[in-house]
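These are the structures, in structure tokens.
Here chain A shows up in two complexes: once beside chain B, once beside chain C.
Up next is the complex of A and B:
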């Protein structure tokens, strides 16, 4: 079953590398240009549940890796098939300097908050996204906080460590 | 009529948890809703990158305040998969029993929230009391009432104390004996039915399009449950049903939650019967301060009380994770489904719909 899908993907797409690390997981590495068509191809194949979008900052390679995890809903009410057990991890890499990608909201509607979160935490701009407004953070950050070069200790020191104590404030320090 | 913007913020009585929604209203009707999370954002996923694999447990369980145990479970499962650790048979059963206890406690908390919000104070007090009885059992087992830190990679921290299962069965019978009363005063009460029926309808097609999980889907008749689809712990050794309804409204969702709770109690009895009487409960793991896990990635999922819970974890061969990303059920239900379900509803039903979708704010923010 999963090998069939692997053959189909390899036949239909040129630049994909398909691995099956264990029974119910499949990782598909692809170039960023073909990701969108790959997502809609899988959706048409019946993998209609977009589980999550994640991002890893590979700072040594100067790249971000986006991971789209897709699985399937059961087809009928009574029986389960092999399809639902599968999780497909679609992976693509984009440049860390020009952190830009395309939204997949037109294919999977619920990608919207995930893309918004990745935009906020990693600073990746998703073209075509209707609202890339702040989701959770309240302050402005020079470096988006989930990037590896964001130093949490330094940030805390700069933001909160410079607040003068009560004693210092009495002495006139602001 | 004039359109107004209304902030349905965390201080509102109908809002459970630190969460707010910006509503665009015309009179009493909601035209557009925008979820506004972030009141509880603590950056756990970033903090986890700086701590060792074992040190992360006190963080993990605080992701979801209401049911921390499934968070511990999913994190343990992720580490086990990366490090290639097997859980002993008795450990698997204890994990399942523990997680089902957590599910019952979480559903009772949910019933408390729902009843309290609608003004059914008697039921709310019962639910809180019965949850407390379960918390006593947790305290006996783990030493803590809410954040247990009981599961660990390789199994569970310690075995059941002597006679624990008997006391657990007794407690569950005590709670189960109250179900007819719950039905009469709450679940089948005409007052409650009138309030919840036909509210916040999410059809199956819509739910699937919006990637819904958990009771939102089960209330439309779809048996999407990871315990059945991809069994973990000891769930493939027991027989259980997945309760569903077909209405898709708030009332159906609450009834599936009630049935799920009853099913969980029955499952605990079955698990206790089938459990191996002796044996190891955990596999030994290396010194936690020097424990290096081989480079790789893992995606694991389990069924929490709120639905499919996923974890994507990457290791680069070091003593701490390189990247941890939790896919919590409330993230999707609260930010996508809730916004759509609120459209066209009345302001007085916002809390009603939100609790029936089982949205818990800390899970969204992490």
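Up next is the complex of A and C:
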């Protein structure tokens, strides 16, 4: 069945590369322009569960890779097996400089918190998102903390390392 | 009751009663809280040591910091600690509250807890087993006997410095100082 889907995708879309590394998993590399239509096409095909959105920072290529994991559940609940659960990994790359992409909330509503998290941790702006406010972090970071050029050791040294111990405070150190 | 301790009981009954009835705040930080349910229930039964978890910090006198402390949790820890009545004792679990442990380079985890609140003792291990918790508690008994578990006194004395450290990390705190100059 997953091979049928591969043929359909190749017939309908020009710029997709489809791999099937395992029986129940398929990776689709696509350009950023056709991602939205691909997502809605897959939803109409019955892949109606948006599992998660992930992001990879390829700093040498100066690109972010967004990974949308979409899966389908078998219709027959009684004979459910884990093998039958099919996962589709949609991968697309966007530029790292002034990174922005379009939201998929109009197709999958539960993408909202995932996009908010990616916005907070990687600094990608999702156009059309209703509220890109901080989700988990409390402090301000000059560089979003999950980017590769965020130097954690240096950051810890400059913030938590600079807090003096109580003994040092008593002696008058700052 | 141990007969050898009758002298101690007569000499300082308040301290002894306090020592044998630790009421623990039910406060979960990090991964170590998973060790607390088995130690308070039938398998290890912490109540034979007089340890019992209570619902609110206002009834408690022992604070177990059970793992790494993020900055968001630090604010909650300070608020909880300040609500506890004196005398109060703090015990931190594992390596993370000492120097950050495996989160030494995390962007959001503080590296040493005793810069922000006083800590009376540490239990080593990642995470310590319930037996280690009991050994830690018996060590705390000894410290109380020798009057060395004086974290709450240090907090009172050096409150200005502790508050300054807390504000350096958390920004302006949205609660008033616990001790002002008049009630010190």
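Observations on the structure shown:
Simple rule for what comes next: the second predicted complex is superposed on the first by the 157 of 174 C-alpha atoms of A that agree within 3 Å, B and C clash if a C-alpha of one lies under 4 Å from a C-alpha of the other, contacts with A are read in each partner's own complex, and residues count from 1 in each chain.
As a working rule, contacts are C-beta pairs under 8 Å (C-beta built on N, C-alpha and C of every residue); 3 or more make two chains touch, one makes a residue touch a chain.
Predicted, not measured: the structure shown is a model, and the values here were computed from it.
In the superposition on chain A, contact is made by A:145 with both chain B and chain C. By the touch criterion defined above, A:25 lies against chain B but remains apart from chain C after alignment on the C-alpha atoms of chain A. In the superposed model, A:155 lies in contact with chain C only, and not with chain B.
By the touch criterion stated above, A:135 is placed in contact with chain B alone, chain C being left untouched.
In the superposed pair of complexes, A:108 makes contact with chain B only, with no contact to chain C.
In the overlay built on the shared chain, the residue A:14 is in contact with neither chain B nor chain C.
Using the contact criterion defined above for the overlaid structures, shared-chain residue A:67 touches chain B, although it does not reach chain C. For chain A, the partner that touches more of its residues is B, with chain B and chain C as the two candidates.
Judged by the document's definition of touching, chain A residues 137-138, 145, 150, 152 lie at the interface with chain B and also at the interface with chain C.
On the chain A side of its complex with chain C, the touching residues are 137-139, 141, 145, 150, 152-153, 155-156, 159-166, 169-170. Across the interface of their complex, chain B is touched by residues 24-25, 27, 48-52, 54-57, 67, 69, 73-74, 77-78, 80, 84-85, 87, 89, 108-110, 112-114, 134-138, 145-146, 150, 152 of chain A.
Listed in rising order, the residues of chain C touching chain A in the complex are 71-72, 100, 104-108, 110-112, 114-115, 154, 158, 161-162, 164-165, 168-169.
On chain B, the positions that touch chain A within their shared complex are 37-38, 41, 43, 45-47, 50, 208-211, 217, 221-224, 228-230, 244, 297, 299, 301, 308, 310, 312, 314, 322-323, 325, 327, 331-332, 335-336, 365.
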